[in-house]
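Have a look at this one before I ask anything.
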Amino acid sequence: MTDQGATAEQADAVRLSDPVPDDVILRERADKGDPLLSVKGLEKHFPIVKGLLRRQVGAVRAVDGVTFDVYRGETLGLVGESGCGKTTTGRLLTRLVEPTGGSIDFDGRDIAHLRQGKLRPLRRDMQMIFQDPFSSLNPRHTVGTIVGAPFRIQNVKTEHGIKRAVQDLLKLVGLSPEHYNRYPHEFSGGQRQRIGIARTLALRPKLIVADEPVSALDVSIQAQVVNLLDDIQREFDLTYVFIAHDLSVVRHISDRVAVMYLGKVVEIADRDDLYTRPRHPYTVALMSAVPVPDPARRDRAQRERVLLTGDVPSPINPPSGCRFRTRCWKAQEICATEEPPLLPRLGDAASHQTACHFPIDDAEEVAGRSSRATA
Amino acid sequence: MITYIIRRLLAAVLLLFIVSAAVFSIFYLVPRLVGATPETLATRYVGRSATPETVNLIAHKLGFYDPIWVQYGRWVKGIFLGSEYDYGSGTEQCPAPCFGYSFITRQPVWPDLLDRLPVTLSLAVGAATLWVIFGVATGVLSALRRGSLLDRAAMGVSLAGVSMPIFFTGLISLLVFSYQLKWTAAGGSYTPFTENPGDWFYSLLLPWIVLAFQFSAQYARLTRAGMLETLGEDYIRTARAKGLPERAVTVQHGLRAALTPLLTIFGLDFGLLLGGAVLTEQVFSLPGLGKYAVDAITNNDLPKVLGVTMMAALFVVVANLVVDLLYAVVDPRVRIN
Amino acid sequence: ACGGDGDDSSSGSKAKPEFNAAVDKIFNPSDKKGGTIRLANAGDWDSLDPGDTYYGYSWDFLRLYGRSLLTFKPSAGQDGNELIPDLAENLGETKDNGKTWTYKLRKGVKYEDGTEVKAADVKYAVLRSLDKETFPNGPDYFRQFLNLPEGYKGPYKSKGVNTDSAITTPDDSTVVFHLKQAFGGFDYLAALTQTVPVPESKDKGANYKQHVISTGPYMFDQNNLGKNFTLKRNPNWDQGTDPFRKALPDAFEVSLNVNPDDIDNRLLSGDLDIDVVGTGVQPATLGRVVGDPTAKAGTDNPYQSRLWYTSIVGTVKPLDNIDCRKAVLYAADRTGYQTAFGGPLAGGDLASTIMPPTIPGYQKYDLYPAGPDNTGDVAKAKEALAACGQPNGFETNIAYRAERPKEKATAESLQQSLARVGIKLTLKPFPQGDYFSQYAGNPPYVKANNIGLATNGWGADWNDGFGYLSQIVDSRVIRETGGSSNVSVRDPQVDKMLDEALGLTDAKAREAKWGEIDRKVMEDAFILPGVYAKALLIRPKKLTNVYVNPAYNMYDYVALGVA
Amino acid sequence: MVVGPGTVSDQVPVTPDPAEGSVPGKAIEGRSLGRIAWTRLKRDKVAMSGGYVIVFLILVAIFAPLIVKFLGDPPNEFHQNLIDTSTLAPKGGTGISGDHLFGVEPQNGRDIFSRVVYGARISLLIAFLATGLSVVIGSILGVVAGFFGGWVDALISRAMDVFLAFPLLVFSIALAGVIPDKAFGLTGDALRIALLVFIIGFFSWPYIGRIVRGQTLSLREREFVDAARSLGARGPYIIFKELLPNLVAPILIYATLLIPTNILFEAALSFLGVGVRPPTASWGGMLSDAARFYTIWHFMFFPGMAIFITVLAFNLFGDGLRDALDPKGRR
Amino acid sequence: MAAGTFLEVKDLKISFPTDDGLVKSVDGLSFQLERGKTLGIVGESGSGKSVTSLGILGLHNKRNAQVSGEIWLDGDELVSAGAETVRALRGNKMAMIFQDPLSAMHPFYTIGHQIIEAYRVHHKVSKKVARKHAIDMLGRVGIPQPERRVDDYPHQFSGGMRQRAMIAMALVNDPQLLIADEPTTALDVTVQAQILDLMHKLQEEFNSALIVITHDLGVVAELADDVLVMYGGRCIEYGTARTIFEQPEHPYTWGLLGSMPRIDRPNLDRLVPIPGLPPSLINLPTGCAFHPRCAYEPRTGGLGRSLSPELAGSGQPGHLVRCHLPTDERQRIWREDVKPKLEAQ
């Protein structure tokens, strides 16, 4: 690659990374109302201890400075490859783990370092749906106990007693109220996931963090659950943070999507914006990797595909600068030294933010590109 | 790896220290709590014609008048630095691992322990060889022929084996094989290997078999369970899918993985056994560490008891250490981490 | 090791084996030399050091490698109790009615290294045995009788202290003992192994037992303490200085800590010659031996100069009342007692006195007849209880040594038989090592814990009333700190009678006195006699000159030879 | 098939649940895992026969006086008339007769049958209590170690290591030897039993503790714990309401399998002479007596078989229980 | 046997007797496959896909599986053949790639060892030669520095590399039939794309017959020439990939397509799921196994409840459908009812 080529691309970058005027941002913000959840610089480092004295020798930087807002009533999709920190982010939001740094403003309150006692009442407003329908329900409890647990734990009185409330919830998620006395093992995966959803709905939360709620399910069942999530969102005016690695599902369910790579958000945008005009090379590669159920497009797709080589680097020693640079075909020196900020790029909506020195131009031909290693 | 070993070693030393302190305090403290005085303790070791003055002297000589930590310190010091023993007309140097002198025979304990060790070692090694061979073989066969008559018979016998106390099987087998049929040596006729390997073998045959019977039973069950579990693993299916002959699949792939967890159990069992196969040695009157321990306890010979318990604990700890290191050799997953 | 058995003609087949063939007579006499005698001990030797051993078998055996001033005559039958000079030329001479005793040593007696035995060595041997801190096991008679300097602690600790007030050696072959008080039976002390000479230069204190320097016909070859040892011939032993040791075999092999059942089996199969402890066969063997006439013919059944008994402790209520004690004596099932100890053969004869028949002065009498079948006289016992004011019986505890199955069986038997009259016994096993020091022999403990009965046993140090009775009926030996063998007999009158007996130089009068004491104690009902112990010994098949020496109540180890 | 948006009825299951098998409609009451395990256990003939033997043994232990009244003699009663005093053996070898089903002991002629029956009391009592003790200690410490982790876990785990490194039998004999005759307001058999229970129970807790700790560690990672936590549940709620119900099965299994171990342990201690005091009958004690008379077969045979059958029954039942409860067997 | 057909499965039935009853995992499955062609088998979890693949390789345990029917591989019948015959073919003529490469590889042996072992079972060569071959193979599946990585253990590999190694192991003997059972399910999309790409290339290179088992229709569309849709242990629709995706005729296939959110199309307002749950293989619903979940069942006039439909030819050549509805009605429903909904904005 010549120097000139590089400058040309840099020129691109300069244009794209020009800041979006503040008034645009503010206007868009106003459209959406104020965020229910606002995360700034969220970090979680799991210490690694070693040696004789069990000293900390390093950390798994599972989440390493994540910033985003979630507006009331919307669904924010969180996608990324395995190990990029999605689950950890979700657990941070619900404060199942305490962040190493950053802030989490939930409904106007910073809950990042709240103690469990203070947190307890807030938990009603913030619930989590788990990935594994088998391990997320206590096998020794009846459905009634499981779905009724929120009432008992939070000491919430219900009008017609807990049993009625639970049965109503069961009906709501499409289960028979007669299932009250049954045990989880008597249900299929999809039904279990419904039970889990019923449990999260019990306290009428404002925010639900769903960690890959459908990944373990078959397509047909997955669709049932996705529809259910859709329905209850509408019915209860819920806000979702929807974690998934399946870009198709995320595309279906989200209003906005954040793409994570190695503990960082590399791109965040309104759904259609993201899927039609991805800016970050990683997003592009990710989306082109998804197989499309259309044999007619097969040969074309294979030609167009951006194949990444190698694997995701270890979060213990993430690459300097831009973390994606080791697998990026556009990477240059600056990528190794300077970390690109997550910013809206000129020409994009203010809500479309990309963390890249060389974002992909609309006109750019990426098809057939492959990362440097194979090139 | 090195730090791992060092950490394990330090932990082992600490463990031995705790064990010794616990044993020590039980033996020195409990009698005192119950009201024994240095003199009453000493009366055990003064012979049949002692005057109170003698009792005093002996109590003094054995250090019973010192506070417990002084006594313990002396004992620990003896182990690391050795100690001196006044045998009346002079003193004798007891070199470094000095576990003190028997209260009764006035002989140093350490040589005694070393003397007994080969017996227990012979017993344990012989029995372990037998039980590993038989137990594992039975377990493997049972697992491969799961549900067959052989499997059920083997498992029945094994269950019976683990359900029978060794002193019962020992007594019965002594009665039948050695007393009635005279096929094996009578109890208590241990001959050291160095003296006569043939006699050694003959004298240990029955204890080996009896001890191995019980353990074989246990190992057969464990092996079978382990085999069944590994045979259900995906990699076994892969091995078959590669077209490996069944024998290679079960032995190289199945058994290898199934035996690994057995290693831990074997280490612990073997370590415990080395510390004294108390019941077996008692039943067959083998002059090993286990019998030594029982005799020492019966005679209230505290230095001996301490010595033998420490020895036993040491074996357990060392066996565990060895197992952990072996594990790293056998299982590459452990090695890397 | 036992090598070629040689010519069969001279083997034991000559003598006809029959039951008790070696009691009171010599079985299979022979002068054949050579061979090895194999012995085994179920336990450990208390010590091989002549100054530190207190077991009859050990004294019997020690004569193979040590010569005390006097010894018992190696002879079958009653004259085996007779003292004869060994290292000394003659019995003790006393010119002042038993206060000083003079012994002249034989000339030419040598240690295994060839140096000659001197009188000073005997003195040194006796003195060192006084160091109880170093030699706790041996008897303590010398300290009791010798006129030692105040606070004398033996030659190690009281170095350089002049001990001429106790023992003098006017010349190299004369030893003179000076006593605190007259003691007519001092010759018995001179026969103790503590007078076996020890050369001071070779003494190693507590470690001397690793290699005792021999004066007898045999010396130590190998010695693995706690495991085994062997004796071989002592080249410096001279038959000329030793009129009675025949020294027939070439060697002795002794194994220690051998399983007792295994000893029996090997004795029966001839793989072993002698159970050195000499207390007889195990119960498991009993049936095999007694049930089979040929096997029984290969056994001897001598008395043991030992009484198994139960102390009835008068300091424990209501046994402070003599009638309650008598009730125990009447109610006890004597046959049960006997069976507990192994029956008439392995256990012994029913006892009704304290002194066994082997002790001179023994008189046969029975103050508390136990009914026609000796299972106890329930009616009499109830009467006694009524007299005691406890017509419905009472509760008390019986102590026994946990490690001793026979005592356990005794306690269980007494529990059964006394229950018949309402005396409820609770069994209290105690560890043997602490039995006298902390439990049954510890008066405060006994009182506090209501140990009304305690199983007990006593064997004579030598066959003489003093040697037998002094430790078990003299109330003055009872120590409040515990440790005495006398657990129950507290009668000032008995103490007085003992002192009287001691002063008597006339043997006959003395013996009569012992008898009186015996009766007095029985009248006091402090002791429930159980059995006069007997041992069922398996007679060595391949040995010659086998006989039971009454002084030790077991085979005479110096006389044996290999057929 | 298309159903309009906005309703939630498109998910209602139409087909009967596969897990429910072929009984649709019914089954309002769910079948708990315990119930399923029980049905499975009931089908396991071998385990059930083990269970019956256990029940039988417990009944024998409870009604020992009654049984002995009809079928034997008091356990401590001597029958020396049945003994050949010179050999100490029962007359006729064993003394087995209508009165003495298992014959009589040599030397004193006690009825072996009634002693075996009474021995069951001691064996079972001590084994059950000791197991209970170790289960309590082990479960609590195991859960605490597993749940809280960190230094608590380190401490408890090291403690378990120490206990496991102890030469247990030697140590127990020694401990039983130095303990006085009267303590904690108890004497006699009661004290001995308490002591044995303590020793056995106190030294076998690490086995259960390890298992419970391991299980807790894996349960703690299960999402339902996170779910409870995200609902605001406190530590005790999670331990008692969420974790413990899941630990019941392993605890039950290992308790059942620990009982035979403890029976053997008690027998071993009695055999070595530190068990209950004579004349109280215990199987290990009888064997130790029988060892002296090892040539008289029936004396060791019956108590030995009693131990064997009891331990076997518990092992069979425990194995069956494990198969029935083991999560691996479920799917 | 049709010309060019390399694998033919005829009326394959595999069932497992269990405590609860006989599990009929595969119930009368038939298909053919030619060299160089790829067959995709799709279906929900538990529809019998894996059991079929294991059945072809003869990996079911004789003791707990009942296998009947015929499997012809290059002229050999496998179901009735002796165990040793089948073993000799396994890994040699036919090989398999499993879903979870971590658990499918022995944790105690190096990657190299496991590949060498696979090679040496069927080739009498020295270890050295086999090792060279293994390194070569690892290189071909795109493992960087194969000489070095050959001595690594499976856990030292990343997920994608493990799957590559697994493929290398399967291909080491140049098998003519390769079965990949969910080869990419455990992998991330980016890695999945690499693996699919690799498999595609390798198949072209080796010209082997390939069976890809998956429940991801995207993967099938990407690789398969023919597609077999399984439901309850049976084939309910069979046809070329184009037919299945563009003119599917079975309501179940419609359901699958409707359930799938698609990345390549703008958002549907709602997904169109199949109601209910997959059937129990012990008690298959009477009649058409799919009828309890089928919206068009009423249109069969009760036939769906009582009679099991046959797998019958449809409009396109080679298109087989197991449905009571008449062909033209099915085609009409697809055209007019279902397809518009799936493509609706």
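Each chain carries a letter (A, B, C, D and E) given by its place in the written order, and its residues are counted from 1.
Note that contacts are C-beta pairs under 8 Å (C-beta built on N, C-alpha and C of every residue); 3 or more make two chains touch, one makes a residue touch a chain.
Remember, predicted model here, so these are calculated numbers, not experimental data.
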Where chain D and chain E overlap in contact partners, by chain label: A, B
From chain E, the most remote chain by mean C-alpha position: C
Interface with more contacting C-beta pairs, comparing A-D to C-D: A-D
Chain centre separation (chain B, chain D; CA means) in Å: 25
Chain B and chain C, separation of their C-alpha mean positions in angstrom: 39
Between chain E and chain A, distance of the C-alpha-averaged centres to the nearest whole Å: 31
Approximate Å spacing (C-alpha centroids) for the pair chain C, chain E: 93
Numbers and ranges of chain C residues touching at least 2 other chains: 261, 403, 431
Contacts with two or more other chains, residues of chain E listed in rising order: 270, 272-273, 275, 277-278
For chain D, residues that touch 2 or more chains besides their own: 5, 10-13, 17-18, 177, 294-295
Of all residues in chain B, those that touch chain E in their complex: 146-147, 233-235, 237-246, 248, 253, 256-257, 260, 330-333, 336
Complex contact set, residues of chain D against chain A: 5-13, 17-20, 27-33, 222-224, 226-234, 237, 242, 245-246, 248, 330
Touching residues on chain C, where the partner in the complex is chain D: 261, 282-288, 290-291, 333, 335-336, 338-340, 342-346, 402-403, 405, 408-409, 411-413, 415-416, 426-431, 449
Contacting residues of chain B [partner chain D, same complex]: 11, 15-16, 18-19, 22-23, 26-27, 30-31, 34-35, 159-160, 162-165, 167-168, 171-172, 174-175, 179, 268, 272, 275-276, 278-279, 282-283, 290, 293-294, 297-298, 300, 305, 308-309, 312-313, 316-317, 320
Residues of chain A that touch chain E when the two form their complex: 81-82, 188, 190-191, 218-224, 226-227, 230, 245, 247-249, 251-253, 271-272, 275, 285-298, 301-302, 305, 307-309, 311-312
